[in-house]
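One structure follows; several queries about it will come next.
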Amino acid sequence: MDSGDLEQLNALLDNEIDLKEKIKDFVSDFDKRTRRVQGALNKIHSTPSEDVPRLARSVKPMLDECSLSVSAIAGLVPEFEYWRWSGMWSFSLRAAAFGALFVHYLETETLLSLEGVSSVLGIKDEWKHKFTLQAEDYLHGLITMVNEMSRWAVNAVTLGDYERPIRISIFVKSIFAGFSALNLKNDGLRRRFDSLKYDIKKIEEVVYDVSLRRLANSPKKEGVDESPAPR
Amino acid sequence: MASESGAHIANDKSITSHAAILHAFEEFRSDLDLENDRRERIVKSSRDITINSKRVIFLLHRLAIAGIDDDGVKDDRTDYVEAKKKLAEIRVIFKNLQHELEAERFWHHQSAISPGMQEYIEAVSFLHYLEKGKMISYDGVLNSLRDENGVLLCPLSLDDYLLGVSDLTGELMRFAITAISRRGGRRKAREVSDFVRGCKADFDGFSPYVKQLSKKQAVTSQSLQKIEEAAYAIAVRASEYGENDAMLADIVEQCVMG
Amino acid sequence: MASESGAHIANDKSITSHAAILHAFEEFRSDLDLENDRRERIVKSSRDITINSKRVIFLLHRLAIAGIDDDGVKDDRTDYVEAKKKLAEIRVIFKNLQHELEAERFWHHQSAISPGMQEYIEAVSFLHYLEKGKMISYDGVLNSLRDENGVLLCPLSLDDYLLGVSDLTGELMRFAITAISRRGGRRKAREVSDFVRGCKADFDGFSPYVKQLSKKQAVTSQSLQKIEEAAYAIAVRASEYGENDAMLADIVEQCVMG
Amino acid sequence: MDSGDLEQLNALLDNEIDLKEKIKDFVSDFDKRTRRVQGALNKIHSTPSEDVPRLARSVKPMLDECSLSVSAIAGLVPEFEYWRWSGMWSFSLRAAAFGALFVHYLETETLLSLEGVSSVLGIKDEWKHKFTLQAEDYLHGLITMVNEMSRWAVNAVTLGDYERPIRISIFVKSIFAGFSALNLKNDGLRRRFDSLKYDIKKIEEVVYDVSLRRLANSPKKEGVDESPAPR
Amino acid sequence: MDSGDLEQLNALLDNEIDLKEKIKDFVSDFDKRTRRVQGALNKIHSTPSEDVPRLARSVKPMLDECSLSVSAIAGLVPEFEYWRWSGMWSFSLRAAAFGALFVHYLETETLLSLEGVSSVLGIKDEWKHKFTLQAEDYLHGLITMVNEMSRWAVNAVTLGDYERPIRISIFVKSIFAGFSALNLKNDGLRRRFDSLKYDIKKIEEVVYDVSLRRLANSPKKEGVDESPAPR
Amino acid sequence: MDSGDLEQLNALLDNEIDLKEKIKDFVSDFDKRTRRVQGALNKIHSTPSEDVPRLARSVKPMLDECSLSVSAIAGLVPEFEYWRWSGMWSFSLRAAAFGALFVHYLETETLLSLEGVSSVLGIKDEWKHKFTLQAEDYLHGLITMVNEMSRWAVNAVTLGDYERPIRISIFVKSIFAGFSALNLKNDGLRRRFDSLKYDIKKIEEVVYDVSLRRLANSPKKEGVDESPAPR
Amino acid sequence: MDSGDLEQLNALLDNEIDLKEKIKDFVSDFDKRTRRVQGALNKIHSTPSEDVPRLARSVKPMLDECSLSVSAIAGLVPEFEYWRWSGMWSFSLRAAAFGALFVHYLETETLLSLEGVSSVLGIKDEWKHKFTLQAEDYLHGLITMVNEMSRWAVNAVTLGDYERPIRISIFVKSIFAGFSALNLKNDGLRRRFDSLKYDIKKIEEVVYDVSLRRLANSPKKEGVDESPAPR
Amino acid sequence: MDSGDLEQLNALLDNEIDLKEKIKDFVSDFDKRTRRVQGALNKIHSTPSEDVPRLARSVKPMLDECSLSVSAIAGLVPEFEYWRWSGMWSFSLRAAAFGALFVHYLETETLLSLEGVSSVLGIKDEWKHKFTLQAEDYLHGLITMVNEMSRWAVNAVTLGDYERPIRISIFVKSIFAGFSALNLKNDGLRRRFDSLKYDIKKIEEVVYDVSLRRLANSPKKEGVDESPAPR
């Protein structure tokens, strides 16, 4: 190869390596921040019902920090090269999506849409070709939330909240119906969707236990009307 | 700030009914299906490109050897028209893929197009070497992928370029082994072995950064050794009789042809 | 005898000139290229069949679960029209391949069509199970591959049949795990677990003779164990309260729905 | 599965296993016979020129025995199932094709066509859908012959026959030109074709040695006219 | 090599091949028979308690057939060549050992000793140097039985037999204690022994479920009375 | 190579081999002793509450034997070569650390520190460069203890001890919180940490089962006020 | 498992481990000794013709040492357990067989028979069921010798001995003919036999080089009448 | 875990990660520099005899750069932690050792000792416990040099230098003899040593070609006169 060609190749390669290093540093921050979010949300399993809103509120500033990471990364990615680099942060992005989805659920007991998650994480429309929240990442975040919810249903009962599993059950069934509509490849999402079935089964078992012990009977009447759960 | 506005947005973005959830997922389904179908089309085209490129490579071997046989002395002005026509046909496949790979789609489906792209690069770099005796540059490959208006048919990643041209050394080894027992073969063999040695040195710097490249470098080393050994065999024979290749070749030819 | 006549024939069959040799090889080239091109077309169609069959399987899951939700008591008369329509579309792909796989060509390119065929069999056997609660027979699959005149669209190898229906157990596991927490799910789970246990026993005898089957049997064992454990969980819960599934389900439903 | 279905499957499978066993037995005979052919033709490396015709003649009855094996196998293969079973005998068939090709060459110094090899091995036209000689097998046999010829060129010189390498060289170059016309996949044939290049190189080296020592000069004049080698 | 030597060598080699083929045929039968045994015993997972004895009885003739295979193979193996050939049938022999052990357990709920298994399979003492049941093979069969038992504990509960897991638990724990006392250096056996831990854990969980719900008497006969009553 | 160089090289190579053999022998003893410890601690799963102290006491002499092995190995390792050889015994050392940690827990229901484990195993400060307990090994031992505790929670309930799972739950959650605060970049450790989540979930389910049936005081009763819920 | 059974099983298992360790030690010595033999015979490649007998003599005491190892191993192997343990030393035994064969060739230019090799290595007839030289091992040793001879042919020419390749060629061709007459079903042996073809080709090329340059009497001169050409 | 312990553990873990990152960066530089050395030495295959000294000279400054890397790495490694980190650079160090060995050979046609290599690479004695050149690494470098030399022997002849292979042959055989005298138990080293045999065979064939054609003086100075003249 003549030396001009070689220099060009070297320049291209150096560029790539530099960019990769820079993204890596930001992703490492992003990762730490999403771990904080997950750590905080993990407290749900020992939080009494009445303290749930306070817990949700406490996580919001952490999500804001995640959106700083998102913005920093997006600032680095060249136009049209989203898919070239996204493998580096998709793990963290899914964790952040989980955080946004769960906080929203804790506050509203509704599902935050993909656009909603994008907005919480500060992903801008004009980044269309460099940083977006793909359906796949959103769905991974959603499954993580359901995983957490099946554990929550169990612990809520331990903490004396017999309504929670029922509300979770109704919500999760809708999510499951949604997932059933997808045609998945034999990939990670498919595997995780299969795991979702076990979460639903677990939740159903808790509902079964609780219903048959008629523990949920008395407080039910007032609780139902307020619950914004879809049906 | 983000959290304040977040509160408002969140309400807009809530999906509050079972039907709305199902509706959202149906959109996901069509998005996912769309992209999967696209990838499938790209995979198929990539296979077509691979097969056709392989055939171009065989054709180039035929033309190159025929060129040597016709005239080992003249300066290799073999005509590669037929191969160029076939490469143009391959570019039609790229052309048909153009819109499937535009904007961010290229990097989305890069792994699907990559095998075909690399084989195509192997073919054009072989042609380039046969015509110019040099390695085709990154821009050279890029330019081969432009339509009549200079519009790029398909983006080219650095990795594909490096992996594609790495494969060239294997073909050059085959070419050298065949050429070496022909008239002027010794010169050809030395040219090729110098060239391949240069390729190996040039690419060594890249191999820690490009996946699979070090594996290909290992193949290049083997090819290089084969060429060197063939050149050695010729040199050893010739050394017994003297150094003038052409004269010796004439004598041998007379013997054989009577 | 052979050697006597051989002497004559041999002379007729001698290729005596350089040009004649080249000519013979050019025929070989077109033969080889023809068959390679054919294989490539088959591979592509096989990929199409695979993708479409996978989608049919997802659709069947949706329809089956919807059927249970609609009415867990009625005798599963879910309507699979949509899935049948999609299967018919797959058969169009087979139809288009028909002449590529005629006569001895089927076995020539069997490995190219095999992945698609197995996925297709998985899909039709799933439909068959959902409708009839039984394993589709070899003839059943064969008949599904006939056109309106009863002409076979594609031959069916025993191996493909066995490997295709083996994959069914994985889908049944997914179906059972989903179904089990629904009304009537306990019965469904027991049906499926008996069925899958039967499949495993039936296929054990074949596995030494069919490549890859023992690997699939291992997957079947895992699936079976998952179903058994799910059925166990239901049984254990129910045992605390009594045995009448339907009555218990009603109570739970009242609790949940208010 | 109901028991009727199961029985049918078992019947199908037993059929297959039986057939496979039977073919295996015949193929094992076939294999032994082609080894005998190869063993006999191996003597070419120590056979003086004048004894070559005698050697060729001696191999013919062994080829006839091979054709008995071919016929026995063909008798077993069901219509249209050539490709299902051919993997079992292709190794031996290629060896037999080599035998037919080489004997023919030894007698006529010409290339026996695919049809010619088929005929020597007693492969009948009416077996079209159950037993044929595929181009691929023919070509493998041909490459084996060239491998043998490069060794023969060396040994012929040792035995004092300085013309032989030259005649071999002319013949083999035509074969090579033929092979160059093929578009091969990255399979066994491609690998063997690559090896052919070394055989040609070796033969060329012998021709070079012999020519430059002008050892071939005197006997050449008479020899050339009689040689039926193509050009 | 002179021809006497050659003949002798060929005789040795041919002999080996012949014998191997013959043993292979018998081993293939043996394999089929042990598969039948395993297939039949597999029905345990859907057999109600009261039908267990009938199931055990039904397997006995199949074990007798296995012993016919054993005897046929032993008839072929030359004296003193046990170690030369035993690799060919050890897989099947372990399966047969499993069959003998499990049938015995089903009938008596006790462990059949190595000698007992040998006797069920018709392995004679005088075959010491041609066909024996090695400790290793016996232990492999035993581990297979435990693997099967953990699955059985689960399915028995599904079928309404709540006592079974408790009896299984006691038996399996004593087997485990036995294994723990062995010095297993053999890699294959150690790996399989490690797998036992999962079986035990599984069985413990079943016993837990049953005990928690007071579906059966707790395995700690003495302990029950002292257990704190629920409040 | 001149013979002086050769001799020196050979001396170096031989030395290495010798030392390796010797360490191997001691490590093999160490391994046996840690297996004994694990075997003894395995009895926890069938030990009634009141016998736990006795079990803990019985294991202590076995730990002392482990410390003899530790001392023997430390005696062999050349000064400054800890990192050269430590791979050979880290498996056993982690098992020994588990033993020390678990015995300490059984006696005090508290966590033994890294220094505490070192001291139980007789690891001396002056061995700093030849034999130490690395944080990584300590943490592996700790995770092994948690794995064992989730199994213990299940078996304790079977044995009628309904309080045990609750105490285990509190302890394990604090361990988990500790781990969550660590920056685990180490792959092996991170993978095992992920396995902790399953243990916690299992323990939570046991606590749920017990609470639901009011078999024990719910953990929330006393714990609520101090619960780590955000405000 | 009752404790009597356990003890018996443990005795069996321990026995096996002990014996294995002991055999391993002796095999390790055997291995070193055969390496010395090979190292010494490697000098053939730089030994002038006249010094060959001296070289052969020098190796004999090393072969005697090998026979000490053989005897030590045979002393350990229990009667009738040849096939159980022979895999441990077959590699070394083949190397020793090569040594015996090659020394014999260097002294007599003839092939030592299987019995001859057994006797050189001190393998006694009465060890029939614990230590023998199998045909397979003998043949492996023979192939190793031919591999070495093709290299020797090359180096002999460099050292000016132009007759050596011709004598090697005649000997090796007779070995090859012998092998061709064997029914090799054994995979390892067949693969190595295939490698012989390369050795023969190499030797033929050396003979060609020497003949072409008239450096030695061509092998055909005397050999023609007796040549195995058909008639 | 109390927070003091946690902090200490975290400090330990973070420290390790930091140090690793830093060493990695320097090793990456070291790697690039050794690649440059290898790239430059690779030119030997197309360098005419007379330019060899110039080539050797040109590589020396590159070796000096390598020693800068060595010094930088040594500056990072904590005292006594050689064995903890050495795996990270051993690959590059072996390449650097090869460079030092080969340059020395090109200049003096002698073997540079282990101490010599250490000194060229600037490895200081006082780094004994943080950075040394182990015998194993030295030997790997040496084998790499021999691999390169067998290729060089071939290419030197192509460039018309017929004496080179003979000098290479003498040198390499003495290296080989040295290696044969070592007790290589180390698997990696033994495998690479086995590869030397192919190099030696290759070199022998080159020497053969050159000697046969009397292109250079035979390595056996004394033997030449007695060699039988061609006839």
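In order of appearance the chains are A, B, C, D, E, F, G and H, and numbering begins at 1 in each one.
Rule of thumb we're sticking to: a residue touches a chain if its C-beta (ideal position, glycine included) is under 8 Å from a C-beta of that chain, and two chains touch if they have at least 3 such contacts.
Keep in mind that this is a model prediction, so the values were computed, not measured.
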Indicate the lowest number of steps between chain B and chain G, counting one step per move to a touching chain.
-> 2
Same-interface partner of A-C, chosen from the options C-D, C-E or B-D, over half of the pairs matching = B-D
Between A-C and C-D, which chain pair is linked by more C-beta pairs in contact?
-> C-D
Proportion of interface numbers common to chain G and chain H (over half same, under half different) = different
Inter-centroid spacing, chain H versus chain E (mean Cα positions, whole Å) | 56
Averaging only over C-alpha atoms, locate the centres of chain A and chain E and give their separation in whole Å.
-> 48
Chain A to chain B, mean C-alpha position gap in Å, rounds to 42
Residues in chain B with touches to at least two other chains are numbered 36, 55, 205, 240
Inter-chain touch pairs (all) | A-B, A-C, A-F, B-C, B-D, B-H, C-D, C-E, D-G, E-F, E-G, F-H, G-H
Provide the residue numbers of chain A that touch chain B in the complex, in ascending order.
-> 1-2, 4-6, 8-10, 12-13, 16-17, 60-61, 63-64, 67, 80-84, 104, 107-108, 110-117, 119-120, 122, 129-130, 135-136, 139, 174-175, 177-179, 181-185, 228, 230-231
Contact footprint of chain E on chain F as seen in their complex | 39, 42, 45-46, 48, 151, 154-155, 157-163, 206, 209-210, 213-216
Using the touch rule from the top, collect the residues of chain C that touch chain E in their complex.
-> 190, 193-194, 197, 200-201, 204-205, 208, 225, 228-229, 231-232, 235-236, 239-240
Sort out for me which residues of chain D touch chain B in the complex.
-> 166, 169-170, 176, 180-185, 194, 197-198, 200-201, 204-205, 207-212, 214, 216-217, 220-221, 224
Within their complex, chain B touches chain C through residues 36, 40, 43-44, 47-48, 51, 55
